[in-house]
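Which chain is which? They are A, B and C, in the order written, and residues in each are numbered from 1.
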Amino acid sequence: MPILEAKDLTYTYSIGSPFEKTAVDHINLQIGQGEFVGIIGHTGSGKSTLMQMMNGLLKPTAGTVLLDGKDIWEKGADRRSVRFQVGLVFQYPEYQLFEETVYKDIAFGPKNMGLDEKEIDRRVRETAEAVGLKEELLEKAPYALSGGQKRRVAIAGVMAMEPRVLILDEPTAGLDPKGRTKILSQLRQYHKRTGCTVMLVSHSMEDVAKYVSKLLVLSHAKVVCYDTPANVFARGDELEKMGLALPQITRVFRLLRDRGITFPDEVYTVNYGAELLRARLEGREPQC
Amino acid sequence: MLKDITLGQYFPMDSVVHKMDARYKIIITMLFLVMLFWGQHLTALIAGLFFVIVATALSWIPPKMVIRSLKPIISILVITGLLNLFMLDGGATLFQWKFLKITEQGVQTSVFMLVRICLLIAGTSLLTYTTSPIVLTDAIESLLSPLKKLNMPVHELAMMMTIALRFIPTLIEETDKIMSAQKARGADLESGNIIQRAHALVPILIPLFVSAFRRAEELALAMECRCYHGGEGRTRLRVLKSGMRDYIALGLMILMLAAVIVLNAVLY
Amino acid sequence: MESLIKIDNVRFSYQNTEEPEKQTEVLKGISLEFEHGELVAVLGHNGSGKSTMAKLLNAILLPTEGTVTVAGMDTKDEDKLLDIRQHVGMVFQNPDNQIVATIVEEDVAFGLENLGVPTDEMRARVDQALHAVGMYEFREHAPHQLSGGQKQRVAIAGIIAMRPDCIVLDEPTAMLDPQGRKEVMRTIKLLNRDYGITVILITHEMDEAAQCDRVIVIDHGTVHMDAPPEKVFSHVREMRELGLDVPQPTELCDLLRQSGYDLDPEIMTPEAAADAIAKLLTDKK
């Protein structure tokens, strides 16, 4: 059974007004336990609305969201507990920090869950470490930190609820390349260590391609495809028509194909591409 | 959602009233207010009602909208009405039950008061319905400009109002986002007593203030980069222009006010 | 001809009034010149001093040591302040926080209003600027009705209406989606090519830097590299050590070169990489 499932999910804003807009249009989707899903789509494709329905912040206009097969909007369902199980990190999450110390801010979620001091302490320290925040930063005021550090504090604040599904809306937006790589690799480690399900919304094909096991492409409130990165990038022309740029490395190999040099798989990471070429040049099988 | 609240009262149309110089509209509205409160007699109210009907017709604003503007003050209307009804004593007693007493004077005053407040709100809403907030700000700045000589910061006040208008939608959107983000961390905004609820607002208000200050700082920098140095020597892209229709409208308003004053003096 | 902007041996520290001994020097002796019509990218990780450098260019900040000269004017000369800011305009990261007015065309006029430009001329210059960034049909919209890329183009129009010689953009695309990024980059390049405006683009996006004529890499308050993009990106390992990235095609060719294959280190675009690799493969046969 999938951990999270959308059935005929629809959301319409400002119903009945001249600004009526369907942001999510009859979406069906199954997210498997332990999956690392990347979500791409241009602004207005419905990504954010879909994410907010997945953890019960928005009530669907039609259709259902199932967590462990149970409708989260069913009568008597505990939506607060849904939010603890499906953690959502918003865009620019550092703007939501409010406590006097980093420690207290990370503890906000776990405290709301009603956990005891000892458990809260364990979670705060563990997640701070997971996002690479040094012990001595915990007693500092969030405002004294750098932009990248603040971002990681905010992400830790959601991780500390130990959600079974962690959704992140563009966690690397506005950071420098080093900050981006840091957050993404920590996220990958977190995914490996905890085995929890991660959904990553991103604008950067390059980033998404490197980390995810499955890729969801949204356009105009509908699902275009939901498949492995290789299969998604194989439909490159379609993606480009939607205004989604392919990773540059994929474009190199598409250009090679135009020149009659073909490879069986779609290439979307530099290391894999380099290995394919080396193998071809040396006349051997690629080792991957 | 917070975003759905309609902002400002502006109702864009292409009517004569919309095209009028906002400065004249403000002056006329003020004269209208003076007229409404001139004396305790019927003439002022009839003239006021006449003004509202004519202005509504000329502005092409649906009458429904004008009536809707009264909705937020219904409770005030009821309270003032009841207070006047029971508190005032004078003339024949119409009804008495224990200490509650309704007199002729009470009925008359409370009806007058109700009508007067309704007309006041309807008339001023017509001003905001037909004038965009930004033009209104410009007009206020222009009308108050003589005060600059007295070292009043007229330009600065107008600039502050413009910036406030500009950032209202941005901050509303931001509040929405912060609320969702804290709810996602389990913040409980909907239950508990008043103190608990007030406490639950802290995680929303603090980030909102921090963000407003950050925005203010960045905006100040951007304004400085664009050579902003106060109101001195500033020109404007949009210049308020008055024409024949503004003079006629103002003239008619003055005539009406004069008529009310004279009638009041003669009749009573 | 004299350079448009000259930064001469500039040092800069932020004043720390509480603990003067803890003052940190952000810029440690920078000398740079910018010519008319250049399209320059400035790279550097967060905290490298690149934004501070940008603010020195239009006298928002003044150097602690050394001089900055804009079109022959020393930025320390207070009488020339408005003149300098008219010569060097600035666009910032967050489009929401630099739009002042509630209507697009009025925002574009804001700088001109401050400069006291007569209304008729202002009208013409505002329309021209809006046409230049392709936002003319949105002139009566409210800013919150626009997308991020559109807002940023309005901000750019507000600067070019002042007819500057140079625009400094401080991470103008950082908060935009790919579509908005493309719009802004297209606009910047057009202004540079068709209007001859010098553009200094501070960015974290390597593919944006690759579209410029010159790339300056700032690290720890000093100029680390100053060369055409293909030269700068050819130092793959060095760029990584500075916390920066290189375009993927460059990285691919670098990996192959490390394995002993002869490829041009200055390859930047997918097309060039595909050509070179195709040649390598056919030569092998």
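Annotations for the structure displayed:
Keep this in mind: contacts are C-beta pairs under 8 Å (C-beta built on N, C-alpha and C of every residue); 3 or more make two chains touch, one makes a residue touch a chain.
Owing to the predicted nature of the structure, the values given are computational and were not obtained by experimental measurement.
Using the mean of the Cα atoms as each chain's centre, the chain most removed from chain A is B.
Set side by side, the interfaces A-B and B-C show unequal numbers of C-beta pairs in contact, with more at B-C. Rounded to whole angstrom, the centroid-to-centroid distance between chain A and chain C, based on C-alpha atoms, equals 30 Å. Between chain B and chain C the centroid-to-centroid distance comes to 45 Å (mean Cα coordinates, whole Å).
Only residues 58, 60, 82, 85-86, 89-90, 92, 94, 96-103, 105-106, 109-119, 122-123, 126, 142-144, 155, 158-159, 162 of chain C touch chain B when the two sit together in their complex. Of all residues in chain C, only 45-47, 93, 147-148, 171, 174-175, 177-180, 204, 206-207, 243-245, 247-249, 251-252, 255-256, 259, 261, 270-271, 273-274, 277-278, 280-281, 284 touch chain A in the complex they form. The touching residues of chain A, when paired with chain B in their complex, are 13-14, 17, 52, 55, 57, 80, 83-84, 87-90, 93, 95-98, 108-109, 112-113, 143, 157-158, 161. Per the touch definition, chain B reaches chain C in the complex via residues 133-134, 162-163, 165-166, 169-170, 173, 214-215, 218-219, 221-229, 233-239.
For chain A in complex with chain C, the touching residues are 42-43, 146-148, 173-179, 203, 206, 243-245, 247-249, 251-252, 255-256, 258-259, 261, 270-271, 273-274, 277-278, 280-281.
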